[in-house]
Amino acid sequence: MNYFHRLACVCVSLAVLLPGIALADTLDTGDTAWMLTSTILVLFMTLPGLALFYGGLVRTKNVLSVLMQCFSIACMASLLWVIVGYTIAFGPDGTAYMGGFGKAFLAGVGEDSLSGTYPETVFVMFQMTFAVITPALIIGSFAERMRFSSMMLFSALWLLLVYAPVTYWVWGGGWLMERGFMDFAGGSVVHVNAGVAALVAAIYMGKRKGFPDTPMPPHNLTMTVTGACMLWVGWFGFNAGSALAANGDAGMAMLVTHIGAAAGSLAWMTMEWIRFGKPSVLGIVTGMVAGLGTITPASGFVGPMGGLIIGLAAGFVCFWATQAVKRKFGIDDSLDVFPVHGVGGFLGLLLTALLANSLGGQGFLSESITSAGAQFVEQLIGGLSVALWCAIVSFIIFKVIDAVVGLRVTEEEETEGLDLTQHDERGYNN
Amino acid sequence: MNYFHRLACVCVSLAVLLPGIALADTLDTGDTAWMLTSTILVLFMTLPGLALFYGGLVRTKNVLSVLMQCFSIACMASLLWVIVGYTIAFGPDGTAYMGGFGKAFLAGVGEDSLSGTYPETVFVMFQMTFAVITPALIIGSFAERMRFSSMMLFSALWLLLVYAPVTYWVWGGGWLMERGFMDFAGGSVVHVNAGVAALVAAIYMGKRKGFPDTPMPPHNLTMTVTGACMLWVGWFGFNAGSALAANGDAGMAMLVTHIGAAAGSLAWMTMEWIRFGKPSVLGIVTGMVAGLGTITPASGFVGPMGGLIIGLAAGFVCFWATQAVKRKFGIDDSLDVFPVHGVGGFLGLLLTALLANSLGGQGFLSESITSAGAQFVEQLIGGLSVALWCAIVSFIIFKVIDAVVGLRVTEEEETEGLDLTQHDERGYNN
Amino acid sequence: MNYFHRLACVCVSLAVLLPGIALADTLDTGDTAWMLTSTILVLFMTLPGLALFYGGLVRTKNVLSVLMQCFSIACMASLLWVIVGYTIAFGPDGTAYMGGFGKAFLAGVGEDSLSGTYPETVFVMFQMTFAVITPALIIGSFAERMRFSSMMLFSALWLLLVYAPVTYWVWGGGWLMERGFMDFAGGSVVHVNAGVAALVAAIYMGKRKGFPDTPMPPHNLTMTVTGACMLWVGWFGFNAGSALAANGDAGMAMLVTHIGAAAGSLAWMTMEWIRFGKPSVLGIVTGMVAGLGTITPASGFVGPMGGLIIGLAAGFVCFWATQAVKRKFGIDDSLDVFPVHGVGGFLGLLLTALLANSLGGQGFLSESITSAGAQFVEQLIGGLSVALWCAIVSFIIFKVIDAVVGLRVTEEEETEGLDLTQHDERGYNN
Amino acid sequence: MKLITAIIKPFRLDDVRNALGEVGVNGMTVTEVKGFGRQRGHTELYRGAEYVVDFLPKSKIEIAVSDELAERAVEAIVSAARTGKVGDGKIFVSSIEQTIRIRTGDMGDSAL
Amino acid sequence: MKLITAIIKPFRLDDVRNALGEVGVNGMTVTEVKGFGRQRGHTELYRGAEYVVDFLPKSKIEIAVSDELAERAVEAIVSAARTGKVGDGKIFVSSIEQTIRIRTGDMGDSAL
Amino acid sequence: MKLITAIIKPFRLDDVRNALGEVGVNGMTVTEVKGFGRQRGHTELYRGAEYVVDFLPKSKIEIAVSDELAERAVEAIVSAARTGKVGDGKIFVSSIEQTIRIRTGDMGDSAL
């Protein structure tokens, strides 16, 4: 089986870094316990983490629409993943660009199937949670103005045409993996991907009515902070879970992830303090997300000091990017998905090359690449390829849906709010 | 020890399904890690999961009463479980109908006691979390009108007279377990049990003042969605934890549980979309709970496609049942506990028989039963027995409490709200 | 390596209590899985647990300031821990009072470093989460009136001058550990420490404007209950995680922790019911925190009945202490940090001595101490030493900050609220 | 034209609206207010800190009506809002000089 | 002096405030209210339970102005608040006998 | 009878209520409102998007009093609500034609 062959390659190269941990073909209960837990943590990131993080940022009249979008995407992406997504991303006998269809409907994934040292069912689930959160991240850019049905259509098509293939390229054995592209936990697959689709969406959909003159302050920042905290704790499943085992690699990934988050937060806070005179809670949690998104691709490769540098860089760069997108370019990426996830994810991919083999980093994934410079080029190629594919296909999907059923609610519906007009309910009743 | 003897029977029959996993009498750290985690997840389902799910659905003036009821039940059920509940449910040397009293006050449960491959303390705790959530589920049916002290009395008596014995019947070695009744994680013990008690309560207590003419919309749906998401993630502890090990069985239980939840959600959403023209977030999360309740008894037996069918069936059937209870029968089961948990749980018990040995299902628990038809009959017998016992005993408990101290608050207290009248506090202060 | 030597002492004495669990120098995936999970749980206690618990208790105009303080302390304490906190607390070649500086910037903590049977990176992280929550607990006492920048300064200095050394005394191999002082999971390090600093802060800062005449009711008790529930579930990471392995010790710690929480809750509820005529949800959750804080030092030593006694004692004593601090002494410890954590933690230290070797308790930690009386004296010495050091140093820190930059916001800022005046944002926008 | 302002118990609002509809008043504006008067408030207890809350939630209804309708409207409110217990509230009647319907610019009674 | 009370659609509030500023009215007090009138409410559905919500969110603006300014103020409100759709709201004008500025104790027009 | 409407700073509410009680006014209705006037609002910043918030939270107190009591009530409010800083608010006095106590049907001064 091609996929396992490729996975084995990764395992071998990881094994070099982990002396004392024997590669096993039998189930390890500790690894299984950790992967079960990690899967739950990543689902928790979306439900309710991201839903609350985003929900608090919109206006009262749209809060349910955001929760509904996150929730329904989670359900739909899960079923699509079972039906065909998993096999596109990890199916056996694939080409360089997508997996084979041998695992459609999870054919052959039984109770005894293993993926390394834990059940394949858990690997399916773990990867599913990534397939859930990525399209859910995108909705932040077109919040408060898209029709529910069009959002569902977009998310489904995007999952199958962008997310699943890109996952195959990077993790499933596709061409980027073959080249030695390093993305430990999803800097390209999740963050660049979601960020670029968000940018395309924001530009294509246009601004919300009243932007940027009418104030559209977050309706409930306590909700946003709650969601942010859940993202933080869940992210350990995301990054340390991507070690696919309960070992030293997972431990180091947890440590650098945490350092990245803390450093990103403090960097953003500092920028606000300097620039606006006061630090804000929305600022610090945004810095946290930036730090986490940026450390993600590097989390299995760098050491603690690498994590610190990445976190600080994330806070500064994404702060600047957020200002730029909003003020210079006047793009209404409503919840700042692109400057935080797109820019952060890309930055992380590049910094991975620079920090993987210095400051306590774990060295290079691929033995064929031996210098930071060469790896940097690979990272550029990988990041840009994902961004390009995502941008083009996302644009086409929007174009098609717009032509066939329309993307945006009417002006009146936008004024009244999506909760009532799309879902006949309201978030709060006195 | 009788109990271990019986548990061993289960283990042996499970072991047939899990080649390669040796039965061990020594502690396995991986299994222990997973059972510790699962226990925490199931507690998380009640506190704060269910509390928020329910709390958001009532009116502002009663929100704290719901949180208080969930919380105080959790505390009380925990202590009762330690004192006598555990030994009724799992005590050694029991009859066909209840366990012996040898483990009252957890006598003999020490640091070294094992339950299979993990500490018995953890088994006590894991089962305790089930004993916590089941009475907490019931309160949804009599929300907004029951006196706090009567609620405490009811919950305590119900736990000891209904929950603990039924647990013994199904999991502790009692008569249903002996017959080969299949309930992996609590379709009967938790969901049918809670649902039937809820129905009895709703009928006995009567309607809330104003029902159904006065609108009683949920006061905070973001709270409800948050709680629902916590229920979803916590449910993996419930179902995959019920494998009692970190193995392939747990992995498959996680996968089918997730599929059931996603399918139930989308099915309910679809029904609303067709019937009312718009899908709602309250609808989709209710479908999720229905899907999860229904997959619960089947979660260790069916395969992914079985999970899909069960989830879809749950969404459709429970949607219909919710309409019926409210509109046709005019019963004020305030938060729809019976149509979602009672109907869903029962449906799941029946579908278990049909799907356990098809579509990738794992076959039958009991070797004496070899056809789906025969198993179906067992499931009917089991489900109905639990429902009957629960209905009769619950009714008697209500009758007695009503006679002795009264069940319902005064009309004035109902108007003013339970928060102020029962607890001297209010949820929100400007 | 001195530190490992000392750790080994603990392990050996623990091992006596845990026959059948071999001490290993190799990584155990099950233990690693559990420690990864525990770490996440303890972080979850602060973010969002404690933040919500505290946030709901203040007035609307200050809610963000509380969230911001918890969040920024978490970030800052994390980085300080990496830089120098960890080595002060656990560094090699230390004196009796603080660790050596060999692990500054986590020097030498690599992917392969082990701490017992799991990666040292995870030990660093696990301990870091304790270093995060302890200063965060303190903010409850000076809520609604301290300048943000002064709060940051105080927290940083307190972490390095109080928290890190005390941790070394108790767990890192310092003088209290040598004497046989028993504190399983932080009764002294976390609770007495935070409680005493809180008391000093409340007295030094003075009352909030209007206290106690103006009503300052919690602005959102649903938020407080949500946070309380998260504290409860997270506390299993705190206490059962302090077993540093997934074994019988962790299982028993989980069980007694849970019993302590439930008993503390019900005891407080009962006191309110008797004294004020009605039980309240704020009361029951406060009792829960008291129960948990009190069981913490004892959680690895006592049995289930010991847990019950400790929980009940916690509920009664802390209830009384809360009344006393507020009414008799008129101290504005805004969120009652001292009477709950300080008093509860100290009570737990003393009860540990009495209950460790009775009622199913696990006996004494140190072989040189053989009677409950002698241990009681050690516990008194330990608790008082921590309290004294903390009080003196906290006072000096406040004094210095007050002199240099000032501690308190202006009266006008206090009236307008910290959210707007310190952070230019508001929690809720209709 | 008259402006009738009624402070009532919130749970009587629907009845008052219906009663007003029956006498021909089909427009009104409602505000959630806090009232202080003879009706005793309640005590809230938070960790032993006791707060006496004197202000009670009330609904304030404002209706502009023609002079003829005023009396019947007041009667309708009184009978629908009365529970007979202290705290039922008050009605204030004052005069309006002019009324304008924003949509059409209509003035006077025809704007109601 | 006159008290002008306008019930308007909430999303027109900023426009109305600006329009009033242009005619020289620089103070106002705004209340969030619920309005009932010709404009149809909406239906909310919760698990099949159908609630017709007749009360719609409106903003009530109160401005005290000198007699001379009253007419222009009313015109400013009408033109800024009008969308032409049902539910645009009403304006009521009544007279005030006295006005006091608390800070200074100023009375009459100079208190505005 | 007079209707006294006072817009004050929310944190003075308790003092005003006490001051009114001392002059014999034992009933009042309070609304949370947003005020716009000379007092400068504040700026809120969300991820670099800057919102100037001009509307400030105020409490609106409405009291119906007999003609004799009106003056003393106004004085009580002024002295209790004054901080001397801009934004202290206004008091408007207008006349009420009729007052009814819903519970009893009492009219006029005896309804207060």
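Assorted remarks:
The chains carry the letters A, B, C, D, E and F, assigned in the order they are written, with residues numbered from 1 in each.
In the analysis below, a residue touches a chain if its C-beta (ideal position, glycine included) is under 8 Å from a C-beta of that chain, and two chains touch if they have at least 3 such contacts.
As the structure is a computational prediction, the values presented were derived from the model and not from experiment.
Looking at which of C-F and B-E shares more C-beta pairs in contact, the answer is the pair B-E. Spacing of chain A relative to chain F, judged by their CA centroids, is 52 angstrom. With centres defined as mean CA coordinates, chain C is found 34 Å away from chain B. Centroids of chain B and chain D (each the mean of its C-alpha atoms) stand 46 Å apart.
Annotation for chain C: residues touching 2 or more other chains are 28-31, 33-34, 37, 217-218, 220, 276, 278, 280, 282, 424-426, 430.
The set of chain F residues that touch two or more partner chains comprises 31-32, 44-46, 94-95. Taken pair by pair, the chains that touch are A-B, A-C, A-E, A-F, B-C, B-D, B-E, C-D, C-F, D-E, D-F, E-F.
Only residues 11, 14, 42-46 of chain F touch chain C when the two sit together in their complex. If you check the complex, the residues on chain A that touch chain B are 26-34, 36-37, 39-40, 43-44, 47-48, 51-52, 55, 63-64, 67-68, 71-72, 74-76, 78-79, 82, 105-106, 109-114, 118-122, 124-125, 128, 148, 220, 223, 422-430. Chain A meets chain F in the complex at residues 212, 215-218, 272, 276, 278, 280, 282-283, 286, 322-323, 326-327, 336. Chain D meets chain F in the complex at residues 2, 6-8, 31-38, 54-55, 58, 60, 74, 77-78, 81-95.
Remark: chain B residues 17-21, 28-31, 33-34, 37, 41, 59-60, 217-222, 225-226, 229-230, 232-233, 236-237, 240, 245-252, 254-255, 258-259, 261-263, 265-266, 269, 276-282, 284-285, 288, 303-305, 308, 360, 362 touch chain A in the complex.
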